[in-house]
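Some structures are shown below for you to check.
Two complexes, one shared chain (chain A), two partners (chain B, chain C).
== the complex of A and B ==
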């Protein structure tokens, strides 16, 4: 029972954090932007889904779609406000970091002012049932979380593998300079990238709201975890981010079970530091078969 | 000689002798405080194959980068197919490159400007940026494979695992995937074994230009000898002297 609890928690956390980390990782490697406004997009998408549930429909899939769409909208807004004006200026990496952090702070204050400090509750998206399988109980939200995030991530990654825009994004992730030489425009591609990663943040926000609540600052902790997982997986590697999400999700579930949930961040950073000491390029350093450029 | 450009109907296959593909006037460019190109003029007609020769560090690559809008700053006029693509103020390098590329430029850069994780096939796809080229990219890939047969076996291999010569073939093949009107080839034989370098040059010479033009920057003049229409020397950021192929050949024989 204990083992099953840890395993199922690991999988659920890995799916949600992996979704966030993949978004951060893609943004970093294709746009060179460490998107610290991810927490704001997360909360923004949560409120988008909440407004939809309040005023339009409480049907689960529709609420989920509303969350994803408002996340994508948030990403596009951030791109227009925080990326387009400064992306070709000197010292963009630091400026982008500060700009997105500022957007995060301003945005979350705005949400606090608009919606108030009381946290909001989303309707249950996946219903209220559970399956018992040889001693292990799978509740609806766990099964739904895992299935939805795996499905949507698979669709996004498949799209990136097979479509033309996906090829553009991957080319930009590998060599932005060469990408402009083959005619890939940074600004147009950045809207795709920010829209998609914003949508992933929205997905994570709705899924996580099945366990927690939606609050203006609710995106902060997921963002910290997403950034650290992306770092641990090797910024820019999708597979590395997935593996790091599993490792750190397992760590979180194990820590929560054994010594208490409030030590999660401590053990998490110990694990990350150890991994980065052994593999400075993160887990991706193990996976990368190509020679260094 | 027929220079009546206005008779040409839009949409029909262009057949205009003596049309200017590239017209550079008073171009200066550089990086930060360093000025690499000094007031340079260059006119390229369609159908021309031009060699630019010069020593290391005299601005051959910078000239190409300036045409593509990739230098730190630049000023002066650059007309590509009659449209102005040069910019006066300093800009973020590469900000407008994709628009220039869409206007008909194919830059085949020196060295490893490749995507090391993409496969050879995806590389060739990424070169087909116009809608028309993307639609019939399969046929275009076959054409590239005819030029570079060694790539046939490597289509699913990530480019990061290829050898230098194979990478150069991929890089040139990527540049040849579109119907660009101006091909800029930067040091195609650099760092390659002489035999491979020669076959790469042969492949470039075999490309049917039609209404396009090609500029090849090269240090090894012997490779271009008698095979390009003009050879232009480049010295400390200026184009020095111009020679037709016949003249260059003549000088070579006397020496």
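== the complex of A and C ==
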């Protein structure tokens, strides 16, 4: 098996799953909501992009934008249904988690009922070219995936660093209680946060659809990977998520090469358990202070 | 108020021939001080009924049965909490059933036991199959409830354990032609090993972190079993194990056997739940709920060990159920590893209420009804289940069986809100003042004083003033007597006094300072010629002060 193929595959997947994981991390640390309905948002965004490609235009960037926007819409829907009614109720963490799982169940079954079980595929967004560099072949979708996800993540993180809204979100990540005292509305900010993280999930959905298909339950595996990375990196830490994405991607590549692809989840699970046994709050438990529920 | 109201006061001492006594004087009609009291006490707030109080039926009793208790035979445990007592008012002997849950349990289980007799003929097949599924799934829910409710570990790995046990036992049964009764014990062994593996991180992680960790476990098992050669990747599952249901029985007999076997499994799970949750392990873990672990640890409770124990016990039980699953259905499908299976299982727990056996059973009943009986509805039935789960989680604190407690909390809140709106204090103290006063009797003294003054104000009239001017001393009418008694009992501070400016010629009114060494204060320039006039002047000033207060 070509080593470059595996490494490049790993990098692509790590970028996509890392995007999801950063979304999960930001949601948790700013809102205290563990959003486990990413499976639904993912599929929702994929179907949104597919509808756009079917009925409006197949131009790559437009399809990508449609996916991101429908992902953001999905995030806002989940915020309105699952976060706003219970964010100030007792036992919110567990109830929020269960509520997002319920939304996931309803949403994916709705997509199954509406679109049927047959999977759809999106047009090729990045064209169909490839670059050969010292023996390694970089195809268009891989280069495009990595470049797009890194670019959009950089834009989002830059926006969070420099804008007023980003400042509000970061303040909520540091201390939600103090943020609400100085006039940062939890409800309003939650819509921004869920919109942005939903948009990131939509981006991941469109990018991943270049490799896999869009199906109602297709968001499950990316969600599991994203949650694993976020958990492993330490919930609430962007740096931890990046490190964990690299570690788990490396593990995936190594496992795929040495003992076979069907053991990827097994070794990943073992790696996560080992990391969590050493560090119960994830890799970034050292770097950042984890949010207390 | 005029002088000729027509009502006269007769001086009872007139017959003794006092110097300035008059036989009759005009006075005012009697006014009861009770009127002010009633008016102050009466509430002007509209009262809304907010539900009734707790009501217990009082069963008759007598001396002989007062101390009778029905107990489970070898133990001292009571079947029903039904203390006897004497009614405090009537002194009648009576018994109260404080906890009716055992009765409901017995009735429910009885209903489930005789339910097959009452199934309509055309639905018999569907309903009995659904009943068998309900038995298995409620056993699963009960074991999961032990992990989630009792141990407080939010594990999503339950169906991974069951599925693994079911697949392993199915494989063994197919390969080695094992009898059906060996499968559940083997499954329990598999479950114990699997549970031991995934219990490792449970010692370090808590709450939802564990949920995130085990989120992928089902998918892991699914991928592993689907792609492996031994477990039959082609036909969607592994079938062919021998079941306990004899082939030569009629279809109805087979269905009934399956139904009662699964019912028995549920009873076993209930027993396990009772013995883990209601005894030492459960007690230890109730001592260490979430966010209070540090306290439990400080008092010497090893809750981590207890958690792992509960986890292992329920994993073994889940494995047992997995083995039973294989010997019931003759095999197992890959769909047991679906994420939706986990979500449906979670819905069973959440709808009923986490931490209660009845919650697990009733939640399972609801979900299995939608899932199995309405199975022609396709994806819509999952959407309905998801919707119920969502609504329950959004609006109920702890599922259907938490409604009672939640309603009572809400009613108490409303009651106290209403009570605070209708608490109309007389304004005798500012709220901050009232809360900061150490001696609370001051508040009540002031309130009483205010009510007294309100009453006395109604007594002030020209007749009374005229009476006082006429006779300072001696017997007075009732109204004037009340006024004078009140005036005389005022404290020394700002109390009026008369000083002599010149003997028999000049008197004036002063106000006492109330403090030793501080001279009285002159309150007016007027000089009265006789002590009686000055005395009446003091009375008039006091009346004025009373009316102004």
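Methods note: the second predicted complex is superposed on the first by the 283 of 293 C-alpha atoms of A that agree within 3 Å, B and C clash if a C-alpha of one lies under 4 Å from a C-alpha of the other, contacts with A are read in each partner's own complex, and residues count from 1 in each chain.
Methods note: a residue touches a chain if its C-beta (ideal position, glycine included) is under 8 Å from a C-beta of that chain, and two chains touch if they have at least 3 such contacts.
All values reported here derive from a predicted model rather than from experimental measurement.
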Which superposed partner A:3 touches (first chain B, second chain C, both, neither): neither
Partner chain in contact with A:147 - chain B first, chain C second, else both or neither: neither
Touched partner set for A:217, first chain B, second chain C, both or neither: second
Chain B versus chain C as contact partner of A:155, first or second or both or neither: neither
Chain B versus chain C as contact partner of A:131, first or second or both or neither: neither
Touching partner for A:178 - first (chain B), second (chain C), both, neither: first
First (chain B), second (chain C), both or neither touched by A:109: second
Which superposed partner A:259 touches (first chain B, second chain C, both, neither): neither
Which partner, chain B or chain C, touches more chain A residues: C
Partner chain(s) touched by A:272 [first = chain B, second = chain C, both, neither]: second
Chain B/chain C common contact set on chain A: 89, 293
Of all residues in chain C, those that touch chain A in their complex: 154, 200-201, 204-205, 207-209, 211-213, 215-217, 219-220, 223-224, 227-228, 339-340, 343-344, 346-347, 350, 378-380, 382-383, 385-387, 389-390, 393-395, 397
Parts of chain A lying in touch with chain B, wherever the complex brings them together: 87-89, 164, 167-168, 170-171, 174-186, 288-293
Contacting residues of chain B [partner chain A, same complex]: 68, 70, 91-95, 97-99, 101-102, 107, 109, 112-118, 122, 125-127, 129-130, 134, 158-161, 174
Residues of chain A that touch chain C when the two form their complex: 34, 36, 39, 81-82, 85-86, 89-91, 93-95, 97-99, 101-106, 108-110, 112-113, 217, 220-221, 223-225, 227-228, 230-231, 262-263, 265-266, 268-269, 272-273, 276-277, 280, 293
